[in-house]
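Structure record follows, encoded as structure tokens.
Naming follows writing order (A, B and C), and every chain is counted from residue 1.
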Amino acid sequence: MTATATLVTPRGGKAPRRAPVGTNRGSSVIVGFVALLLIGMMLAPVVYIILGGFRSNAEITVDPSGFPTRWNWENYADVLTSGVFWGQVGNSAIAAVATTVFVVALGLMAAYALSRYRFRGRGAVYALFTAGLMFPMTVAITPLYILVRNLGLMNSLAGVIVPQIAFALPLTIIILSPFLAAIPNELQEASSIDGLGRLGFFWRMVLPLAVPAVVTVGILAFVNSWNSYMLPLFILNNEATYTLPLGTQAFASQYSVDTARVLAFTSLSMIPALLFFSVFERRIVGGLTGAVKG
Amino acid sequence: MNTRKILAGAALAVAGTLALGGCAGGGGGQNADGSVTLTLWHNSTTGDGKKYWEDTAAAFEAANPGVTIEIQAVQNEEMDGKLQTALNSGDAPDLFMARGGGKLADIVTAGQAMDLTDKISADAKTALGTSLNAFEVDGKNYGMPVAVLPSGIFTAQDLLTAAGVTEAPATISDLEAADAKIRATGVAPIAVGAKDAWPAAHWYYNFALRACSKDVLDAAATSRSFDDPCWLQAGENLESFLKTQPFNDGFLTTAAQQGAGSSAGLLANHQAAMELMGAWNPGVIASLTPDEKPLADLGWFPFPEVPGGKGEEGAIMGGVDGYSCWVNAPAQCTDFLNFLVNKENQENYAAAFQTIPASSEATDAVTTPALQSALKAYTDAPYVSVWLDTLYGQNVGNALNVAVVDLFAGKGSPQGIVDAVNAAASR
Amino acid sequence: MTTVRHPVATASDDVAGRRLAEEGAPRTPSAGRSPVRRRRENWRIRGELAILLGPALVVFVSFVILPVVLAAYYGFYKWSGFGTPVDFVGLRNYVTILTDPAFHEALGHNAFIVIGSLVLQGPLALGLSLLLNRKMRAQSLIRVLIFVPYVISEVVVGLGWGLMLQSGGALNGLLEKIGLGALRADWISDPALAIWTLLIIITWKYIGFAVILFLAGLQGIPEELSEAAAIDGASYWQIQRHIVLPLMGPTIRIWAFLSIIGSLQLFDLVWIIWGQYVASTAGTSTMATYMVANGRNAGSYGYGSAVAVVMFLISLAVALIYQRFVLRRDTAGALTGGTK
């Protein structure tokens, strides 16, 4: 932190003690108010969906923005006891876990190679992965679907998992590369003195150090896979293989008469993602902070 | 190190799940033990229609041991896309819903539909009569019709009476006058589900039916372009009708058949007085009424005449719903089709879907007064045209539907419809 | 930093090792060995590279690069998706796309969303992150709650908002209840309003991501800097303007890049709320919805592929321009808050 050393030169005598910037009482109130408003706006639609599941259709038609007068648990109970819902949760879970594990593994290895080896064409390979950000699923979906079909992977979760891995790699590598590059060379030299080759260094020292960034990348991959809609829309035709977003949309179309029930299904399909996020929240922010700090 | 162990464990878990995930869910076919599985895709996701298919499949399975039928109900608006995907992927359902026309012709050209010409039983041929023509491509037959669906204006008769409309409007000007009276009572005159595009497009099809001669309609099926001036005239007639603002509020985002807010739902809940729709509507409306029973005051009259056109008076736009076999389906597929159109099953179909069966043997089962009027108009009609978007294939049909919605939204023009269709051919 | 040096390390090691530029990978300690050993070493390196880089490259090229190349190939054909393409039409698809007013509109909508997202989310997220970057109770809770919309799938967001914004839906109902009934509007199908509605929903969904990103960036700025400036007499706003903002530069630029790319690819939300037909009449169609509506859903797979290629080229051009003029200053990569 040599940058700061030059600024904070010790002064002779006592510097006037100032309160930390911006924490006077007035601004605290403003901050509190803004925070409250913000949370309200963020959560209002979510609350609407959750509460809607407890109301009856007649209520919703007559008073769209009101609270439930009677808490109907049937809608939620119906969804929770239906095999369809849990089947879709299972499909989504399988797809998300598989995607995340492979994205992290492949991405780490590739980022390590790109950031700590020097070889001809390294810049080109890195640029290739970066260019991959320009190929969103939406652009590649038509030929991708034909490719998956030719491989015989239609209607299977593998047909969804493998493309998701491929499309998650660019962002992963872009986030991991500077992180890995910033690991001091002295560490690598020291470990080579101890007889560890580059691969050993990777396995024993880099992996543990990379955990914050890996967590970030893993969570992004998991959330993206869990929420992905377009790829399953094209690949999964058989209802038994539906993932949760697909199933939610199908349910909404099928039971659109029954608005309350649709809202119940929708809010239940939010829960897994929310749970997952709240468990890992500290890690996410920590991981991002760590990645930023380098 | 802990992380390494976690990683290794996860990798093992993933390998396992990938193996599980590799289980595909494909089409049916001949199983190893000689039993046969047929997959069936239909578009009734709720209510009596869904039950009809379950019951009929069970009856067929009982009569044909060793045959199982796997049913999948696909939402109507998604049927075309999903079917296309399935046919493309080489993993298509054995039995799928088809509507004939250019859409079926495209599937036939790609060699994906089974030739049924010699497989239709003689009884079926007599009973079905001319409705079989809808499924003919180049002289060969590729589908079995189950319902004939003439298009007309369904009404909630009580609302019309309350507004002082006593006679069915015979011409477009009569209709516009009736609309004004109905609007004065606070009810939306006509419901239209423009969100799904085709309900709005049906208005254009009917105007085109009145403006263009039969020859022009048929010729466009091969040329797939709108060169005759009658197409433009149809658009202009539609435009002037739109200027009288006959539709419900927010019609652009009203769906056709899904939910109480849909156009069928509006009719079912007496929030709109009329809807231009095909003869499947009574069934849809029945599922959307508050008590989920058929609408008691449902009426019907044919699309009004539009003076100055070359179309013959009384001609009707109508579709034919039917089922086709995939080219690689087992032979039992055609057995099922023949089974579908026997008298008993057709009568059940008419009752479950509240619509007009294709088989002339079963038309006595039609009890809804609205449908009886529709049936009469259908049999009296000098000629019947299939829906234009079906007739002209998916590419042109899509472009046509979108262009009509643009006109409804005030964004397009009659010329725009013609241009859109001609441009679609280049895609 | 340790100053113990390995006997065979070259003097340039330290400097070279600190920059992740195109050429600056840490030199391996093999420099200076005999030619034979170096050759063997090279093969070992290649082997390691193959193991490390291989799987990712194979998967990526097969499922990302290959489809895009195929898309370019199919784009030269008129093809209904069955069998193999046989109807070669050359550049006709591309000409049709570039002259189609519907595509121009979609492109315009995309551009509106790109700029609108940047303008709306950037300052808002910055302000929010500055406000929230202080120790207070519930800081953790607030961060979780802000991020919630991002975690929810676009399908759920679309369904929920779609129901809320209907003519007879919750928003209009609420407005009536609190006496602002005059503000009732057709939020979804009114062409004058629809695209703003879309922008608001997008902002709602993605502002959390921006705030979290900016918070992380802010936490990388040492407090001593602000304190020192405060001691020197700078006001709160001066500090933000002259110290915090410039140091946040790399983070902001990376966020902007991700936001632009995301906006160009928008599909799920529009498709779910508006559907393929209403999207064009309500004025919210995007290039992606145009592609699916005119490609797959119209049975024109060749045309759809051509649209995909055009979308890619546009994204690539934007990305290249952005990299050249904006990200040039930063090191190649994301989320670097400063150099070491």
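Some observations on this one:
Everything that follows uses one rule, which is that contacts are C-beta pairs under 8 Å (C-beta built on N, C-alpha and C of every residue); 3 or more make two chains touch, one makes a residue touch a chain.
In this text, all values refer to a predicted model and were calculated from it rather than measured experimentally.
In summary, the chains found to touch both chain A and chain B are C. Distance from the centre of chain A peaks at B, each centre being the average of the chain's Cα atoms. The largest tally of C-beta contacts between two chains is found for A-C. Separation between the centroids of chain B and chain C, computed from CA atoms only, is 41 Å. Each chain gets a centre from the mean of its Cα atoms; for chain A and chain C, those two points are 13 Å apart. Residues of chain A in contact with at least two other chains: 61, 146, 234, 259.
Among all residues of chain B, those that touch two or more other chains are 85, 88. Along chain C, residues 81, 168, 296 each make contact with two or more other chains. Those residues of chain B whose C-beta lies close enough to touch chain A in the complex are 1, 3-4, 7, 10-11, 13-14, 17-18, 20-26, 45-46, 72-73, 75, 77-78, 82, 85-86, 88-91, 255, 258-260, 262, 265, 287-288.
Per the touch definition, chain A reaches chain B in the complex via residues 57, 61, 94-95, 97-98, 101-102, 104-105, 145-146, 149, 152-158, 161, 203-204, 207-208, 211, 234, 237-241, 250, 253-257, 259.
Touching chain C in their complex are the following residues of chain A: 1, 4, 7-8, 15-16, 18, 20-23, 28, 30-32, 34-35, 38-39, 41-43, 45-46, 48-49, 52, 61, 63-66, 106-107, 109-110, 112-119, 122-123, 125-126, 128-129, 131-144, 146-147, 162-163, 165-167, 169-170, 173-175, 177-178, 181-182, 184-186, 188-190, 192-193, 197-199, 202, 223, 226-230, 234, 244-246, 248-249, 252, 259, 262-263, 266, 269-270, 273-274, 276-278, 281-282, 284-285, 288-289, 291-294.
Taken together, the chain C residues at the contact with chain A in this complex read 1-2, 4, 6, 9, 13-14, 17, 20, 22-23, 25-29, 45-46, 48-49, 51-53, 55-57, 59-60, 62-68, 70-71, 74, 81, 128, 131-132, 134, 136, 138, 140, 142-157, 159-161, 163-164, 168-174, 177, 204, 208, 212-213, 215-217, 219-220, 222, 224-228, 230-231, 236, 239, 251, 261, 265, 267-268, 272, 288, 291-292, 295-296, 301, 304-305, 308-309, 311-312, 315-316, 319, 331-338, 340. Those residues of chain C whose C-beta lies close enough to touch chain B in the complex are 78, 80-83, 92-93, 96, 100, 166-168, 186, 188-189, 191, 274-275, 277-278, 280-282, 293-294, 296-300, 302-303.
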